[in-house]
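The structures come next, written out as C-alpha cells.
Next come two complexes built around chain A: one with chain B, the other with chain C.
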Partner chain A sequence: MTAVEDRPDTDASSAKEIGRDRRRKEDQRLITGRTRWTDNIALPGMLHLAMVRSPFAHAKIVSIDTEAAKAADNVVTVLTGADLGEAQGVCINAWAITTEQVTPTHVPMPTDRVAFAGETVAVVVARTMAAARDAAELVDVEYDELPAALDLKKSAADEVLAHPDLGTNKSAFWKFDSEEAGTGGNVDQAIEKARGDGIVIEREYRQQRLIPAFMEPRSTVVDPTGEQITMWSATQIPHILRFALAATTGVPESKIRVIAPDVGGGFGGKLQQTPEEMITFAVARRLGKPVKYTETRSESLMTAHHGRDQWQKLTLSAEKDGTVTGLKVELTADLGAYVSLVGGGVPVLGAFMFNAIYKFPAYQFNCQTVLTNKTWTDAYRGAGRPEATYAIERLMDELAAEVGVDPLVVREKNWITHEEFPFTTVAGLEYDTGNYEAATEKAKASFGYDELRAEQQRRREAGDRVQLGIGVSTFTEMCGLAPSRVLGSLNYGAGGWEYASVRMLATGKVEITTGTSAHGQGHETAFSQIVADRLGVAFEDVEILHGDTQISHRGLDTYGSRSLVVGGEALVRAADKVIEKAKPIAAHLLEASVDDIEFSAGRFGVRGTDQGLAMAEIAMAAFAAHNLPDGVEPSLDSDATYDPVNFNYPHGTHLCAMEVDTETGGVLMRKYTCVDDIGTVINPMIVEGQVHGGLAQGIAQALWEEAVYDDSGTLVSGSFVDYLLPTSADTISFDVQHNSTASTTNTLGTKGVGEAGTIASTPAVVNAVVDAVRHLGINDIQMPCTPERVWRAIHDVRGSGTTDTEGAAMPHFDESTGMQGTTDRTDGANQ
Partner chain B sequence: MIPTQFEYLAPTSVDEALAALAEHGDEAKVIAGGQSLLPVLRMRLNAPEVVIDLGGIEALRGVREDGDALVIGAMTTHHAVLHDALVGEHAALLVKAEHQLADAQIRHRGTIGGALAHADPAGDLGAPALALGAEFVIAGPGGTRTVPADEFFVDLFETAIAEGELLTEIRVPKHTGWGAHYEKFVRVAHQWPIVAVAAAVRVEGGTIAEARVGLTNMGSTPLRARSVEEALVGQPATEDAVASAAARAAEGTNPPSDLNGAADYRTHLAQVLTRRAVLAAAGA
Partner chain C sequence: MARIELTVDGGKVSDDVEPRMLLVQYLREKLGKTGTVIGCDTSNCGACTVHLDGRSVKSCNVLAVQASGHEVTTIEGLADTHEGGDLHPVQEAFRECHGLQCGFCTPGMIMQAVDLLAENPTPTEAEVREGMEGNLCRCTGYHNIVKSVLHASSTTAGGAR
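Let's look at the complex of A and B:
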C-alpha cells in the first residue's frame, strides 16, 4: 500500500476555504424541516402502508385472516408474503465472511415462520395512514409459538435453534493468525511463555446490544408510474439499494431510480436493504400506484437493525515490565435472526484493530457469528472498531494495574513511536502517519492529568464517599472504506471506490455530484469548501448534488468514515481534470503556449506576464464554443472514480475523569479531554460537531444505552422511556483538540472523523469508572455502567457488577396499568 | 403513530365536563395536559371513543390562598406552579419537585392535577403531596368532596376519584418557613425517578421539630415514610442522627424491579436518598 503520488496543489495563499469554520449551508432547511424528508413527500393518488408484525420471537405462521381488514373503510387491499411471492425479492447479505457461512434466506415477508419479534407478516394498503393503521389491527394471524434462541452463549451451543431447518445457529467462524499470515509470531507460544515468566491478563467483556436510534424514522415512497420505478428512501446507501433491488426482484437496474432525499441521521442504522423497502417496492409494482411507508418510533426501535452484541474473550500476554508479547481474541457475535447486509463483516472489520497502536509480536483473532431470534444486527457507528478498541484499551488498563504503573506508562512502552511510520502491524495493515506521543502530551496538559491524579489519591486516602477515576483511551481506527482489493480478499460483495463529477456551468457556477450520500454530515458545506479552493471559485457558487442514482449515477454511498477521504479524493481528482481541460482553452484564448499556462487561485495566467483569464471566463468560452482550439471538446465537465490504495488511520488520546458515588453507584463525568489526529481539517466547526456527537454516542454505550429483551424475546427497552439516550443535560462540555499529521494516503491529507469520538470514548469512560473503584478490589463493571451495577460491584452483593439487566420496563405506558377506557381519573399530565 | 379515531369534547365548565362524563361513561378519557395520555393513545395502548379536554376550563387554573392552605387548580401547569410566588413561599417542597419534573416543554403542557390523578408511582408530585398533607377536591354528580392525601392514592394508576368524578383542586396546607428538598435519583435527566424522596422539615434551634417525608417509586403508590418522620422528631439535624432515622425509609415499601434496578437496590437507595433529602431540607 503506497501513498498517492504528489500532485500539483493550488498554492497555499489560495486555500481560503479549507480550514475555515463555515456554517453548514444545509442546516437552515434541515433544522426547520422545510425540506425533503421522505415522509414529507406526497404524490397524487399515493396509498399508505402499515405493517402487521409478529409479537413472537419465534413462531410458525398457522394462518393469516385478512378479510376483516380488507373490508375496513378506505382499505385497498391486504397482502401477505404468499400474495407477493417472489416479487418481493430477498434481503441480501453482501458479505459472507466465509464460503461455508450458514445464511438463512431472508424473505421480506415470510410465509411460514417468523424469526424475531417485529417481523412483518402482512401489509395493509389504504388511502390514508390512519386507515392503514386501524386495519392492521384487524388482521388476524394465528401463530404456533416455537422455542426461541435468545441468549447468545446458549445459542452458540445450539441449545435452541433460531432456524430449525438450518440445523445450527453457528453461521460462520472467521480466523486471523499472525503466524499463518506471516505478520507475526505464534500467540499460543507467547501466552504459554508468559504464564511461566510474565503476565497473562484474561478477561471476558460484554458488548451490549445497542440501537442506532437515528432521529428520522425510516420512510420509503415508491412511484411505479414512470418509465423508471422511483424509490425515495431514508437510506445511507441509495446506490447499493438500487443494486440490491435489481439483483433480487428481476427488475433491470436501469429501470430503477433510488433517491435518498434529505436523510435525518443513520449512524450505520440506515446502511441496509430493509424488508420494509422491499415490501413497499413490491406493493407499488403490484398496484401500479405510488405508495408510502413510514415507520413509527416503536417499529424503528424494534425492527431497524441493532448494533454491537458480542461476548469478547481476551487473553493478553506480556513481560513482567509490561512489554506486550501476544494477544488472542475469541469473539462470539450475535447476528440476530438474519445475516444482514454487512452482517458478520462487522466483527471482522474489528479483526484488524484489536492490536491498535501497540507493537504486538503475535496476534490471533477468532470470531464465531451466531444466529438468534432477535432483531438482526449490522453496522452501528464504528462497526467492529469500537468493540476492538474497547477490548484493547480496557486490557491495557488492566495490564497497567497488574504491572503497577500508570496506564499511560504501559501504553507508551508499547506504542508505535512517531519515527516508526509507516508501520506494518501484526494484523497486516500499514499505518501511514501518526504521533501518539505528541497527542498524549497535549491531552495530559490540557486535562490536568497530574493534578487529577493527585486529587484521586487524596480522595482514596480520605475514604471519600465520592471517588475519582481517570480513564485513558489511546485509540486508532482504520477508516475510509475501502481499497477494493482488500474488500475482495475479505469476500465482500462490492468494491470501495468512490465517484465524483464536476459540471462547469456557463454562468461560472459549479455543480458537483458525489456518490457519497450525506445524512447529516455536512457534505454540502465541506465539499463546497474543497471545490472552492481547488477551482478558485466562490464557496457560494458550488452546489453539491447527491443521493440520487439519476444525478450521481455512480457511487458507493456513506459509511465507515469514507465520504471525505475516499469521496473527497475523487472530487479533487475530478476538479484537477477540469483544470487540465481548461488549460488548452486558456492558452488558445490568451495566444500562449499551454506549457506557459499557470493555474492559481482560480485564474489561468501566462507565465511571466500579467495576462490571464478566470475559471468562469473559460467556462463561458467552453459553453459558447465559438473560439476553441481544434479538436478540443466544448466542455470542461470532468469526473473521476477513485479507489483508495490504503485505509487511513486517525488516532487520538482521550482522557476522562469520572466521579463515582460509592453510596449509590451513581457516576458523574467531571472532565473529558480529547486530542485527535484526523489529518487535515476541512471545516473545524463540522469536525467539532462530529467529535461531540461521537463522544456522546460512545459515552452512551458506556453509561446508558442497552437493548434489553425479556425471556420470551420481546424488546423491553422498546421506547425512549427505557432505551436511555442522553441529552445535552446529561453530558458536559468536552475539551476537543487536535494534533494533526497529514495522511499520506490522499491528496488533501485528510483522515476520517465520523466515528472517532464513538470509538475512543467508550473505553475511556469505563476505564475511568473502574479506576475510581479499583482500590476497592474491582477490575470490571459491565456496560452500561448503571448505578445499580456499580453499586453491586462495590458492595459485592452479587459479585462483580456483571449482573444482567432486569427484563422489565418501567410501566408508564403499559396497557396493563389499567388505563383502558375508564373515567375514574383525569388522565393527563404526569410527565 | 396516530391514535385511533375519537370524539373530542372541550367543555368550558366543570359542570359541562361532569355532564360529558356522565353521558359517555367508561367510553371516555379525560385529558388534562396529555403528557401521559397522548403517548398511550399514539401507541394505541388505549382507544377511548371520547376524549374530554379540561384545557378550556379556566376556573381550574391558578393558585390562591384560603386561610392556612393554598388552593391549586387542577389544570394549573407545572410551569405555573413552579413559578408561583405563593407556592414558593408556602409549599417550597412542591417547587423543588416541579423543578426536576421532566423537561421544560412538558412542564408547559402538563398539569398538576393531571399528574396527580394519573397516579404513576414514579411521578414526581405524589410524594410531595403526601408529605405536605395535601387534600384533593373531587367534583361529581352529587357535589364536591375532599379526600386527604393518605386516602387519595389507591394503587398503581388508581386513585380515590370514582367513575364520573373529576379532580378540581389540590389544597396544600401552608408550610411557611419549612425547609424542603426533593432528592431525585435518575440515570438521565429526562427519566422518571428510579427512586426519589421528598422531605420537608421544620427546624427549631438545630433540632428537628417536625418532619414530613414522601417516597417516589417505592411501591404501587407514592408512600409516606412515617417511621422516618417519627424518628426524626426531636433529633438534632446532624448526619448521624438523620442517617439513623433514614435507615427506616424502606419500612413497609414494596419497590418494583425493572431495567433501572432491582427491588433491593431501590431499598438501599431509599435510605441513602432519605438521609440526603432530610439533611438538605434541614439546611445541614
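Let's look at the complex of A and C:
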C-alpha cells in the first residue's frame, strides 16, 4: 500500500499548508450529487440535438433527404452542412509542424464527402432528446462509398488516398538531428561503427490506437439569448475554444462566453475544438434558442479524438559493454481523417524525450504524419512522451539482454548522475534537477528487487508453468507546457503562459481566478493551499474560480501537466503583488516607513517593534479607502501572467512484477512499485491519486486497450462492451513513493505529475511480460499483451524461431450471415 | 403514456411517462435528480447506480414503469438514510480516502459500495475489487476507491446503513 495510508490529516493550525494532506474542497458537492455537469443544465425553451452520422469511413454524400424527419412529432428542424454554410466555422489545427504541412479543411458538418465513420452529415433539432434521436433515424442519406485509407503503413505509401483532392496522405515530415542542431554527433556514423565492433539493436514497435474514454460523455449547451452567446461545454480548454469559435465564425470574441462547468475527466480527450461544439453553436445562433447536444458513449468512442497510433522504427547503437553511442528514431504517426487541434504536434512532443535520462552522444528523430480515414487523433495523457518512453525503455531492456546484464545495470551505465545537473541533453533540453540513483535505490528496496529476481531464477530453473518477469522503467518527461518562445520556434499557434488573479475582498476572504481549467485534478484544494501559505490567510478563506471566460478572462487551460508548474507560478506572482501593494498602506496606517514593513505569516509588522496589522485589516482599509496614502489606489487586487522559462522534468523508477502463464498466455500483475521525483509536493494525497490513475491508464495500454477497426473502417471497439477499460477487479493496489528534488525553474520547486504514471508504466509492464518469457526466445510482444498474443508468441517461437506476434483478431462476422471481414489490428511488430 | 407512482429519496412522486423511458432518464429529466448520471449506453459503467428497495441497480437498466410502486434512493438522498451526520459513512470515506477525482463515477460508486457493505460488512480487498467490478472509473486507478470502501467498513464495522 502507499505511503499515504497512515498519514494523518494534521489539524495543527500553525502547520504550513504546502505539504499537507488536505481533504479536497470540491468533494462535498461531488459525493452528494450536487453537481454541474453540462448535461445537467436545462434552460427555458431549450431544444435538443441529435447527430446523423456516416456509417462509412469514406464516401461521397449523394443526397440527404430530411423531409420525413422534419415531419416527425416535436421536431423543430433538420439542418445539413449546406443549410448552415459558413456559419458553422471550421475546426482548426493550431500546430502545423512544418510550414509545408498538408492539412485538409475540417468543416464540422461536410456537404460533399465524409472522411471517417461517425462524421456528422445532418443535425436534428427537437423539443426532447428522445424525439431528436428518433427523428435522426428518419434522415435518409445516400452515400457513394469510396475506397478508404485504413492501414497506417499502406496509407503512408499513398496506396489509397484519404482525401483524393490532396494527392497524398503524407501530411508533414519533421526531423531533429543532433549533428545539425549542434547538440551531438552523427547518428549514422555511430550505428555504422557499432555494426563493426559493437551492438546494434533494431526494433519496430507498435503504439496501438487508444481512446481517452473520460467517464463524462461530452456535452455542449449554447444559449444565444444574452448579449454574449454563452457556451457550456465539457472541455479542458474554455479559453482556446472561445478563441477558435471567434476566429472561425466571425462572431467577435467579446460576444462569446465559454464555461467549462464540472467536467468529468479529460486526459487530453477534451483538449479539442470539436465539430459538435461548432454545430451546436451554429444551430443556437440560427434558431435564437438555447440548444443542447449530449453524445452517447458509442458516439464518444467513435468520434471524440483517439490517441497514440504510431509505428516506431528504432535503431540503437552501443559499445560491447552497453554504453550507448547513438539512437535513431523513425516514426510513422496516424493523424486520422483530419489534423486536429494539436495534431502532428503530439509525436513532436515526444521528439525531445527518446533520449530520456541518458547521455547519448548522437540522436536523430524523424516523424512522418499520415492522414487516414479513421477517427482523428490528438493528445491522450502523456501525448508523445509515453510513446518515446516506451520505445527507449523497451530498447534499454533489449540492450541489457544483449550485453547479458541486469536491465538496471545498463541504465546506470548510461544515465545522467545527480552531480551532473543541470544537464543539457542530446535533444537540446536543459534538465534542471533529478536523482536517478536515489529513486532507483529506494524503488528496489521497496519492491524487493533482489528477492523477486531470486524467485524468478528459481521458477525458471524449476520450469514452472507460471513464470515471473520483472520490468523496469526509469522514465523522465518534459512537462509544464510551455515556454512561449519554444512553442513559437516549433510553429505552434499560441503561447504557453498562464494567468492568475487575486481579489482581496473587504471581509478578508480571497477569490482567486486561474486560467487553468480543472476537471478532476483538485486545483481548488491545492491552489488554496498555495495561496494560504503565500498570503497567510486561512485555507478555508480562499475560493478558486476557474473555467469561465467571463470570470477568468485570460488563460491557456489545462493539459500537459502545466496547471501547477505554470499556473501555480502565476498564482505566486499575483499573490506577491498583493503583498507589495499592501505594504505602503500598512506603513501609512502604522506610521512607519515602507522600508521597515515586514510581511510574515499574514501579518505586516514594523521591524523592531511589536506593531502590525493583519492582511484582512489592510484589505478592509483598502476597501473603505478613508485613510490611504496619497496616490495609492484603493485596491489590493493583483494579477500576473507567467511565461515559463523552461520545461520541467519529473522522473522516476518504476518496477513491475508480472506472472505469465505459459500454457494459457494469461498475465497477472503481482506487484507495482514506483518512486517518482515530482519536486515539491503541495498535497501528497492528491499527488498520489494522480499517480494511481496515471498508472492504471498506462498499464491498460500495455495489457488491455486497443481501438480496433474492421476492414471497412468501422470501429468495432465502439462501446464499453468492446473497448476494455480496466475494472477494480483487473487492477491491484500500487506502491507509490517519492524521492523529491526541488525544481529550479519555478518558485515553489514543483514538477508536473498528471501524466507521469501513464508515461512510465506502459514499458515497465511490457518489459515484465517479455522478461517472464525471454528465456523462451521471445524479445517482443505487441501491445496490448492479450493472452492470445502472449500465447502465440510463446508457441510461434517454439515452432519457427521467429518473434512475430499475431495482430489480427478472429473474423468477427458469422459466415452464415453472408458478411465477411476481419478486424484490422495491424500485423505483428516485424512487418 | 403510463402512470407511475413511486417514492424517490423519501418523497412521493407520480407522473405519466412513456413506457420506454428508463429510470435514469426519469430521475434526471422529470425529477431533476441530476446527481445520478449517464456514462454509457451498454450498462457497463455503473455511473447511474441507485438503490431500488434498498438494493443497487443500474438505473439505465430499469424502466421507469418497473420502479412504480417501489422506493428509489439516489446519491442525493443517501445521507438521509443514515442517522446522524450530514454524510453517509461511505460518502465520508470517499472524501477521507480521496476516492474520487473528477467525481463523475462517484455517485454510482458510492451507491454500489453501500450495497456491497450491506451484504458483506467486512469484505477483504479482493471482495471489494470483485464487488465493485461493475462500476468504471477512469481517474483513480481504483486504488483509493478500494481503500475508501475498506475504510467505510472499518469505521462502521459494517453498519453502513
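Simple rule for what comes next: the second predicted complex is superposed on the first by the 778 of 831 C-alpha atoms of A that agree within 3 Å, B and C clash if a C-alpha of one lies under 4 Å from a C-alpha of the other, contacts with A are read in each partner's own complex, and residues count from 1 in each chain.
Here is the rule we use: contacts are C-beta pairs under 8 Å (C-beta built on N, C-alpha and C of every residue); 3 or more make two chains touch, one makes a residue touch a chain.
Quantities reported herein were computed from a predicted structural model and do not represent experimental measurements.
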Which of chain B and chain C A:625 touches, first, second, both or neither: neither
Touching partner for A:298 - first (chain B), second (chain C), both, neither: both
A:727 touches, of chain B and chain C: first, second, both or neither? both
Contacts of A:663 with chain B and chain C, given as first, second, both or neither: first
Contacts of A:716 with chain B and chain C, given as first, second, both or neither: first
Which superposed partner A:215 touches (first chain B, second chain C, both, neither): second
Partner chain in contact with A:28 - chain B first, chain C second, else both or neither: second
Set intersection of chain A contacts, chain C complex versus chain B complex: 129-130, 296-298, 719, 721, 725-727, 729
Chain A-facing residues of chain B, complex: 1-2, 4-5, 21, 24-37, 39-40, 43-48, 54, 74, 77-78, 101-103, 106, 109-115, 117-120, 122-125, 156-159, 161-167, 185, 187-192, 194, 256-262, 264-265, 268-269, 272-273
Residue ranges of chain A in contact with chain B within the complex: 129-130, 133-134, 137, 296-298, 663-664, 666, 703-704, 706, 708, 716-717, 719, 721-722, 724-727, 729-730, 786-788, 791-792, 797, 805-815, 817-831
Contacting residues of chain A [partner chain C, same complex]: 1-2, 5, 23-24, 26-35, 37, 39-40, 42, 129-130, 213-217, 262-265, 267, 296-298, 519-522, 685-686, 688-690, 692-697, 719-721, 725-729, 731, 733-734, 757
Touching residues (chain side chain C, partner chain A) in the complex: 18, 21, 28-29, 32-42, 44-45, 47, 74-76, 78-79, 87, 91, 94-96, 98, 100-107, 110, 125, 128-130, 132-147
